[in-house]
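There are structures below to look over.
Heads up, the next two complexes both have subunit A, just with different partners, subunit B and then subunit C.
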Partner chain A sequence: MVDEIKTFKVTIDNITIDVPVGTTVLNAARQIGGDVAPPAMCYYSKLQGSGGKCRTCLVEVAAGSTADPRPMPKLVASCRTTVMDGMVVKNITSEKVKDARAGVVEFLLLNHPLDCPICDQAGECHLQDLGYEHGKEGTRYEFPRRTFEKEDIGPYIQLHMTRCILCYRCTYVADQLTDKRVHGILDRGEHAEISTYISKAVDNEFSGNMIDVCPVGALTDKTFRFKNRVWFTKPVDAHRTCDTPGCCGNTTLWLRGEEVFRVTARKDEWGEVKSYDGKPGWICNTCRFDKKKTSDWTIEGVTKVNRHSVISQGKYEGLVMPKETVQEVMGGRAPKLLMNIHDESEVNDPKIQLSEINGPAHAENFKN
Partner chain B sequence: MQALTNRAQQVERKPMSLLERAYLPAIFRGMAITFGHMFKKRPTINYPEVTRPFSPVFRGLHILNRDEEGRENCTACGLCAVACPAEAITMEAAERSAGEENLYREEKYAAKYEINMLRCIFCGLCEEACPKDAIYLSETFAPANFQRKGFIYGKDDLLIPHPITEPEAHAKAKGGRVSLK
Partner chain C sequence: MAKKLLLDKAHVPGIRSYEVYRKEGGYRSVEKAFRLTPAEIVEEVKLSGLRGRGGAGFPTGMKWSFLAKPEGVPRYLVCNADESEPGTFKDRYLMEFIPHLLIEGMIVASFALGSNVSYIYIRGEYAWIADILENAIDEAKQNGWVGKNILGTGFNFELYVQRGAGAYICGEETALIESLEGKRGNPRIKPPFPAVKGLWDCPTVVNNVETLAAVVPIINEGGEAYAKIGVGKSTGTKLISACGNINKPGIYEIDMTISVEDFIFSDEYCGGIPNGKRLKACIPGGSSVPILPANLLLTTAKGEKRMMNYESLSDGGFATGSMMGSGGFIVLDEDQCIVRNTMTLARFYHHESCGQCSPCREGTGWMERILKKIESGKGEMKDIDLLWDIQRKIEGNTICPLGDAAAWPVAAAIRHFRDEFEWHVQHPDKCLTENFGLRHYADPIHVAVTA
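== the complex of A and B ==
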């Protein structure tokens, strides 16, 4: 009966749970869920080898195991520490962890340009959430922030190196999802930067997934660039039959009216790509960048958005448009007093389809 | 029947006295009150010629601000629109092209920016939400109009005059608001 001992008992924030041997503390905490799960900026459960870089998931181990109940001397990165039987972990119940995490946030933001007003990731940015939930209000940094020369990495993906927190997730995507890696990290330390070597364009079918795994706005969708703020678009779940091997075809469309502004993979509660039958639901670049019409997709319904998220604003559930009765009552005559908003308003002009512009709009796109 | 309140009063139905029947004394008493007001301070003003000072916290028509060099501050971040409880603000953003650096302060700008003054309740939340110092509620009223289409204010209505090319108009639009610092 020795085989039966396959689970370890671990206590995280006074909640005890049985997890399989080899589970990391972070994944055990995620099984409990809620606030107990430490935040993670670099760890991505669908990418092998990720984690251990950002230090936001630090936890305090108050007792190492039943066999050796001494506490661990320093805070440990929960994404890289596997559980032991009888381990006692403190996350939000530990003042040390809270203080360390606020310090980590301050470090991550040292060189971050804080250009959220122009960043397309704002509203679904993990660094915004992290700073809001775990950070302090001010910074003590007084020196000029790190800047980079702008680099074009292809027609679909926009790289903003200043916003990067060097989580390495995108390089793991390139390693594990695509046949040949064409981008990586150059230089070291302060000068480290994501780059395609010799400005080679990222041109494989799954490169778009880097946008989804990027926790900040360093890699964003160029076809969505500056089109609209995330929270003014309406996310709907949709699917299509995709011929690309490895593409699951299940996506979230971000709509304004009938226009598809952006296509992303579906995300789970941890902000990671959803899994289907144990396989991560990566999507191909054809689905992501080329299918920008609602007729390309079978729409399943509105995506459930956490009501604490800004994306949930302005989405009126169960909205029923009233039937236009004026013409009926007036015997077929059109009313003279009603104003068609498109006659006056220049915003959302039916003549200008922003979704058909490949890339950000410029002044000439709005000229009539 | 018991009254619900004690405020009910019995109507007096006594016949009028001689003085009351004479009518003229009551007329003169009324006239005296009317003439008495001629020597009191007038509570009204002759509006278009004379205007009252605004309160330092008055919230009127919006202006879109420019910086000292005359570049537009707004980056179309959408925070005013998301803060707006009346959903009066809409916008569309565009990327700044090369050569437009003297027009817009940052790489993204509002190509279209509209406020529907019929919806606006002048609460000032857009002003509070703005991270770029770009929208202010000025000391002007939204003028009346006969048609609803006159209330859709676009960027040409809202932008403050250029501080270098039109300094007088810029100073006037800026107003003499008392600083509350």
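== the complex of A and C ==
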């Protein structure tokens, strides 16, 4: 006989589902999916003990349980609150939650440099998504933003402390994936920073996973730095047989043409590393930083990217060009060329390659 | 003269030493407690109505009865001596002058809770008091009150003093436990509560120094007799650390039956305000509780006399009341500037925020900067509304109560002293050289007569 798994009924934004006992409100909402799932900046289901810090996933508990239907007095962090039988949760249906969340987004962006145009994380940044979906259009902060002294933490990982939102995910990675954590939080309050003590380099086969868990551009891949924008690269799923114990060998390669610009772990729809047989698919630094040739990999196919993501811009299989309608509209007649601009002006002559001009183009460059 | 339970022997010469303390009747409660069962002691504390003296005022007996008691898992009692609330210094006095009282209370409480190893977590700035406590523990050990098989009862008990490193946040019980475990003092996310998973993941009770000291008279006199002192749910006596613009600052033990007015102006207590100045405002329970203007301080919104006890001080909620808090009674006279005072408090909370959760980490600094701007005559009207909005978004949305503690003083200052803030904005030059003064803050409040 199969043991029946005990489940609890929970209602989130008027949608009721059954979830196993011990499930958090956030994970229950993720099972429903869509807008009902609260955003999470610090919680990471694969990292034990994470969550509770960023406060973006705050929800209102309108009824604690069937046994005790009193509402909870304060908004609770859904990532760290387990469901009770008959619990009623309000996320996007609660004005209180929306207000508090807008506040948290404003707080998170208060000291964030907003240097997205030069940040490698742009396009896959959770803070960008959060600000876009839950934030206000402007800030009310008028004081100088906090900055930190630049610190070098080794050859592979670039630390940009000014962009950090102190989610603590990278410290959990170091605790749970590597044998010894050499970085952590120094100082406190607004000046708390991720740092290695006396700039000791973070040197471990799994340290690269800190890049994958970082929700913002605070930890980025030095081998990819300033090389390309993520939306110009094409992600493909690939694998190789990796000897490193603990490395799953399943990755996403970020290509442009035949060139591998970046290797990351595969991510699920919540931006977390995918699991294989219940184990998180972390990858080792050899796979991530040293295998930068397509010949190192067996390519499985194009990575599925959410169509709302900027990464999915115009490079997908099944792409259909819009039908040319001019002839149809004109009753079968071809359009008449009234004037060819290149007959009149030599500027922007298509025979001249703009990329071969040294510096900005002048009219001089087009003179034959 | 009100009855004194904690400080009645405080002025006996040499009370700090074991011999004098014992001669004055010390450690009687331990002898008595060992004749009771642990459950009977908890019952006695419940009966006494003792409420936590650290600030939240949660019934101590209730807290003790929530302690999980799984088989084979040790339980711990931790004394919170990380007294860092600005305006509060009562625990310092207790530990510095009658250290044996705390040790005695801890032996009884540890016996009641079944804790064989207990800790006193003392703030690092109280370095010399930690030495006093350690000396006192040594004396107690030499005389058989601490150690193995105390008084032949088979109860083993060790008591350790742990020094903090100077962080306000470590007064929050879960941050204190983290710090005690040797980690960074970040508050934990609750649940689980310490009563289930506290120190080293074992059931733990964290109590304030004064709470544990109050256990001694409760056992000596009986819970029922203790409950008779005071009024309503404010039983027993409370230590008040009075400071600010008063003639006689210091520690006073009150039985919670006197009015705030008597407390400030009578010669037995604060002795009035120096230099003939008038009372403007008061923070009655330590820096985190809402500030009240003189009129609301002395009479409640209903027109009743405000008394020095838990219920009366919080009468009217946050709209027109405040809180007993930790008993840090800060009096401000007419020459004090509320904007400056609020800015000082905001600076404190900014400095002490642990930085773990976003609203407090970012919001406290933001509030301080805006207050600084207003205080230096560069403020705008919209800044006052902005401050209100920021505090509203911090309050209740953080992991630990430090966020609330940072938000409340700002909220109360704007709620009751908005015209002083506006005056600062409207008089950017004058506010640098002059004070707003008392104005109408002591005027009697119009109470609507019910038909």
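In this section, the second predicted complex is superposed on the first by the 311 of 368 C-alpha atoms of A that agree within 3 Å, B and C clash if a C-alpha of one lies under 4 Å from a C-alpha of the other, contacts with A are read in each partner's own complex, and residues count from 1 in each chain.
Here is the rule we go by: contacts are C-beta pairs under 8 Å (C-beta built on N, C-alpha and C of every residue); 3 or more make two chains touch, one makes a residue touch a chain.
Worth saying up front: this structure is predicted, and the values here are computed from it rather than measured.
*Asks:* For A:Asp343 in the superposed arrangement: first (subunit B), second (subunit C), both or neither?
*Replies:* The first partner, subunit B, only.
*Asks:* Go through the superposed model and pick first if A:Asn91 touches only subunit B, second if only subunit C, both, or neither.
*Replies:* After superposition on chain A, A:Asn91 lies in contact with neither partner.
*Asks:* In the superposed arrangement, which partner chain does A:Pro117 touch: subunit B (first), subunit C (second), both, or neither?
*Replies:* A:Pro117: touches subunit B, not subunit C.
*Asks:* Taking the superposition on A as described, I'd like to know which of subunit B and subunit C A:Asn250 touches: first, second, both or neither.
*Replies:* Neither partner.
*Asks:* So, A:Phe232: does it touch subunit B (first), subunit C (second), both, or neither?
*Replies:* In the superposition, A:Phe232 contacts subunit B only.
*Asks:* I'd like to know which partner A:His191 touches here: subunit B for first, subunit C for second, both or neither.
*Replies:* Only subunit C; A:His191 stays clear of subunit B.
*Asks:* Within their complex, state which residues of subunit B touch subunit A.
*Replies:* Contact set of subunit B toward subunit A: 75-79, 81-82, 87, 90-95, 97, 100, 106-108, 111-112, 114, 116, 131-132, 147-149, 152, 154.
*Asks:* If we count contacts the way the header does, which residues on subunit A are in touch with subunit B in the complex?
*Replies:* 115-118, 122, 225-229, 231-232, 310, 313-314, 339, 341, 343-348, 354, 360-363, 365-366
*Asks:* Within the complex, which stretch of subunit C touches subunit A?
*Replies:* Its residues touching subunit A are 167, 169, 184, 189, 350-359, 361-366, 369, 386, 392-393, 396-399.
*Asks:* So in the complex, which bits of subunit A are touching subunit C?
*Replies:* Checking each residue of subunit A against subunit C gives 51-56, 58, 74-75, 77, 80, 99-100, 103-104, 106-108, 110-111, 140-141, 143, 165-166, 168, 184-185, 187-192.
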